[in-house]
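What follows is a pair of complexes built around chain A, which joins chain B in one and chain C in the other.
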Partner chain A sequence: MTTTAAAPEAALGVLPRADGSANYSHAGYTVTGSVNGPIEAQRRDEHAYEAHVDVVIRPAAGVGGTRERHLESILQSSLTQLILVKNFPRCLVQIVLQVEDSPENDYVNTKLVQASLNFAIMPALMQTAVLALLSAGVPMRATATATAIAVMRQEEGAPTLVVDPSTRAIETAQSAHVLAFTSHGGLLLAESEGDFTVKEWDSVYDTAREICCRSAPTKEGMEMVLDEEATRGPDMRQFLQSTMEAKVAKDLHWK
Partner chain B sequence: MTTPTIKLPAPLFAKLSPHPFLLRNLTTTSSTDSPSSSSAASKPTRTNGRAPHEPRPLHLRLSSLSHAHGSSLVRLGDTTVLCGVRGEILPVERIPGFRAIADREAAESNGTGDDNGFGGAGGEPRSGVGRGEIKDYDLLVPNIELATGSAPQFLPGVPPSTLAQTLSTRVYSLLCGTGLVDVRDLRVWRRSGPRDEGRGTGKGEEEDAEMVDVGEEGDEEEGQEEEGQEEEGQEEEDGVVAYWVLYIDLLFVSFDGNPFDAAWAAVVAALRSTKLPVARWEPEREMVVCSRTEKRSLRVRGLPVACTAVVFEEKDLGEVGAGVAEGRHWLLLDPDRLEETLCRETVTMVVDCSDGETRIKSLEKHGGTTIGRELVRGFAGIAEARWKEVDAALK
Partner chain C sequence: MPREVDPSLNEKQFVTQALEENLRLDGREFDQYRPLELTFGEQYGVADVTLGKTRILAKATAEVTVPYADRPLDGIFTIATELSPMTSPSFEVNRPTETEVLLSRLLEKTVRRSGALDTESLCLVAGQKCWSVRVDVHALSHDGNLTDAACLAVVAALRHFRKPDTSMDAGVLTVYTPAEREPVPLSWLHSPFCVTWSFFGEEGETAVLDATWLEEQVRVGSCTVSLNRHGEICQIAKLGGTPVNAVVLLQCTGVALAKVKEFDELVDRRLTEDLKRRDKGGFMAELRAENDR
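And then the complex of A and B:
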């Protein structure tokens, strides 16, 4: 298992006029998200028993195309599971995700303007949406963490797993996977492309689960934490938690 | 015996409260005599009379469109989709940023090298050629139209709905991901290739050659051709002069759930029936000409089959605080329209067992947490069974 990217970074409450907002960057992707809600829904989106979750994804350049619609529909169905939509009948929770930066692709034939988003951006979009929802204080059933994993073919031996692969790595990979888990450990989202077997998917699942829902490390025993840092990959749940803790500590500083 | 009985006909019950209606259908067994489960055996059945893991049979008709190069009509219960494949010649001068493929043998053999690759084999830079061309030059253009009136929710005169856009994205990425179409079939070379030479295309083609597209030849680099050609006076450099672009258009004639499985089956069937005219470079007229009579069928690699199921939960979107799904749930294979509106969690798996071994080509699961690792593993077996059925239907 190899990781190609540095640790994720996030900032909460970056937009002053939105109910909640977050900026998240990881693996070359930078996404800013804003959340407004619960607000009044348009007549056609109104649902008598639950809130409508509206996700809008804007690419870094140009206007959104079919690929964005696809990502939006996936995120929408996932986030509806997380938000307590039954608490807000006839309301709307609007989530706007603006992609600011996506990693350079050193492949020669890349089109200058990326016409569509790669699906490796999915984890960044998911994390940004969850952080923005937390920042807006929208009641949620659980939080979610996501990661992308590519299975690279080797000349001989077992294929290797690359966590947070680069754009080119995804193109040359045998299969690419995006998995998201809720904070309860349920598999919220699993998107895979390429060519793989159930066994390979199993190992991808194990790795992703390790990254997304590792049980929180014990605070005492510093060397143990250091140990883990060295051997295991990024810990998304821990990251989510520490980001929120830092934000809360900063907001309550005046006390 | 004085219970007030209100007899509701089943369709009305389904309209008024669809969720309890489906739930009642699934939970009642033969012991009770509720009116909605007259055909129910001991096993639970759905409102459409099928068992939870029972898909609708796939009906298929090939080449029913006379003006398309390949076409198919797929029926999956009341979901009917029509697919037409039409090829068009794209001269390379029209491609911005085109990278010439100089070494023909290397390029041709490279396409065969990675049989089950995703974006090209291994890590070597040279191998990106095969799949890269289809993606870089957009040689496959799928488009899905959900016809007005195919289902009540599709209104006339509106832009393509999210569903239509999502479907065409999924079909496109699966086309690129599976490498279904061999790019070597789409290339048109300046010199007639070894495949064409083998078939003896020499006799009187000048008469029945049809002009397809006039490509203004920009680079007239002659010379540096050492080896003598058997063909008459061909001194130009070897190279790709044009590509076939395949426009894959899908039209949903009627829509009753599970659009992706039907659409994908139609795409695969249409591509398997596609016959492109033999195209070659005509040096005298400096353009690509297509033969009127000679046709070559497209080679389609493998047989990926999509299999979709939805998860029907006993509780209508858990009012419970815990995120883990509680209560009973059913995995409904090949859902119809009513079931799709009631279920949030869907799983789609595309499998290919044509090499003997089951390879998963795509997995999409979202909208819930019921399907965990065990269910995904189990679903692979269900998809395998579905593959056998579709394989039989395609034969």
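And then the complex of A and C:
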């Protein structure tokens, strides 16, 4: 298993007018998300027993197309699972995710007027949405963490897994997977692209689970922690927790 | 979608009365802008403008397309302004509001029609291939004066932008990827900026620069002047029904010129700073040239 990217970064409450907002950057992707809700729903979106979750993904350049709509529908269904929608009948929770930056491939000139979002942006979108929802104080069943993994098949021997693959790695990879887990450790989302075997998927699942739902680190010594970071890759749950802790500590500074 | 909340009668009266007494709610002078900040992204052509609580992100991109049949010698230049529900929940996706239409019209007139970008330089093969430059304006947060901030962001993004290098060799057009050749800047002719005045009072006698959202909701009219630092006016748009005294308008354009010079200086300064920051990396790239060539 190899990791290519630095630790994720996040800021909460970056937009003054939205109910909740977050800025998240990891593996070259930067996404700003805003959440407004619960607000009045339009007649066509109104549901008598639960809140409607509306996800809007806006690419940094160009017009959004089918790919964006597809990502929106995936995110919408997984976030509906998390948000306690039954608490707000006839309401709307509006999540807007604005992509600010995505890694560019220096080796190709891309078509840009029709934006086509990469598959690997999903974890960044998911994390931003969860952080923005937390920032807005929308009641949720659990939080979620997500990661992207690419399977690179070698000529011989076992395939290698690349966590948070670059655009170039995705192009050359045999298959790419995006997995999201709830904070209770349940699998929330599993999207795959390319050819892979069940055995490969199992190893992807194990790796993703390791990244997304590792239990709190045992603080036995500095070396231990450093060592762990190097060998076991990023720890998304810990990251989410520490971000929220920092934000709460800052907000309650006056107390 | 929920409607934007109008300020209450008390709020309105409070703002107008304060303005009559020469006071603004945030303690600014009438001709003073809120703190203006401009930053560039990691990629070329990304500009982030913060004006008080208003925040605009502009991103410029380019691709090779076929030119319009009636203009075979011109490239294509578009500015896309689409306000998302992120700006305010009252904006709906794919349903332009009046704010959005006005904003895109003003940007179009200021940047595109004033010939700030030389579209002829975007032509590659007459009638067959040209560059299409597109600027996407994203309003992340709206606290008044979207126009000025958006215009500044668009101009800054375009001046920061680099398009891929091309070459023509015996009728064969080659577009080099960033890995092969360093991208080149656009041919930029002049930098127009918008300055928006808001008018208050029965006869629009109080003129205020850089109105906040609350002030925008209370104002009786507004006037957007677009000009460059040489004082060449690109357009003037006077909106709102209340007529304004010609002398007031003349004074406004005078102050606008001073503000535009400040904007121009700011963009120049930030561009040189950014160039310096990148040059460090460029020097490093020179040292290990065998990798990139």
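Just so we're on the same page, the second predicted complex is superposed on the first by the 242 of 255 C-alpha atoms of A that agree within 3 Å, B and C clash if a C-alpha of one lies under 4 Å from a C-alpha of the other, contacts with A are read in each partner's own complex, and residues count from 1 in each chain.
The rule is simple: contacts are C-beta pairs under 8 Å (C-beta built on N, C-alpha and C of every residue); 3 or more make two chains touch, one makes a residue touch a chain.
Every value quoted in this text rests on a predicted model; they were computed, and no experiment measured them.
Participant: Between chain B and chain C, positioned on chain A by superposition, is the outcome a clash or a fit?
Facilitator: Aligned on chain A, chain C fits beside chain B.
Participant: For A:Gln94, using the defined touch cut-off, is the partner it touches chain B, chain C, both, or neither? Pick first, second, both or neither.
Facilitator: In the superposed model, A:Gln94 contacts chain C only, not chain B.
Participant: Taking the superposition on A as described, I'd like to know which of chain B and chain C A:Thr243 touches: first, second, both or neither.
Facilitator: neither
Participant: Looking at the overlay, what does A:Thr207 touch: chain B (first), chain C (second), both, or neither?
Facilitator: After superposition on chain A, A:Thr207 lies in contact with neither partner.
Participant: Touching A:Ser135, do we find chain B (first), chain C (second), both, or neither?
Facilitator: The answer is neither, since A:Ser135 touches no partner chain.
Participant: Does the superposition put A:Thr147 against chain B (first), chain C (second), both, or neither?
Facilitator: After superposition on chain A, A:Thr147 lies in contact with neither partner.
Participant: Which partner chains sit in contact with A:Leu187 here, chain B, chain C, both or neither? Use first/second/both/neither.
Facilitator: Touch partner of A:Leu187: chain B, not chain C.
Participant: Mind telling me which of the two, chain B or chain C, contacts the most residues of chain A?
Facilitator: B
Participant: Quick one: is A:Thr172 in contact with chain B, with chain C, with both, or with neither? Answer first, second, both or neither.
Facilitator: first
Participant: Closest Cα approach between chain B and chain C after superposing, in Å?
Facilitator: 6
Participant: Residues on chain A in contact with chain B in one complex and with chain C in the other?
Facilitator: Looking at chain A, the two contact sets intersect at 107-109, 111.
Participant: Provide the residue numbers of chain A that touch chain C in the complex, in ascending order.
Facilitator: That would be residues 15-18, 32, 34, 36, 39-40, 42, 56, 58, 60-63, 94, 96, 98, 100-101, 104, 106-113 of chain A.
Participant: Of all residues in chain B, which touch chain A in the complex?
Facilitator: 97, 99, 116-123, 128, 132, 136, 162, 165-166, 168-170, 172-174, 177-178, 317-319, 321-325, 344, 357-369, 371-373, 376-377, 380
Participant: Contact residues on chain A for chain B in the complex?
Facilitator: For this pair, the touching residues of chain A are 50, 65-67, 69-70, 72-74, 77-78, 80-82, 85-86, 107-109, 111, 116, 119, 141-142, 152-153, 155, 170-177, 182-198, 201-202, 205.
Participant: What residues of chain C sit close enough to touch chain A in their complex?
Facilitator: Residues in contact with chain A: 1-2, 41-43, 46, 53, 55, 57, 59, 61-65, 80, 82, 84-89, 93, 132, 134, 136, 138, 140-143, 164, 175, 177-179.
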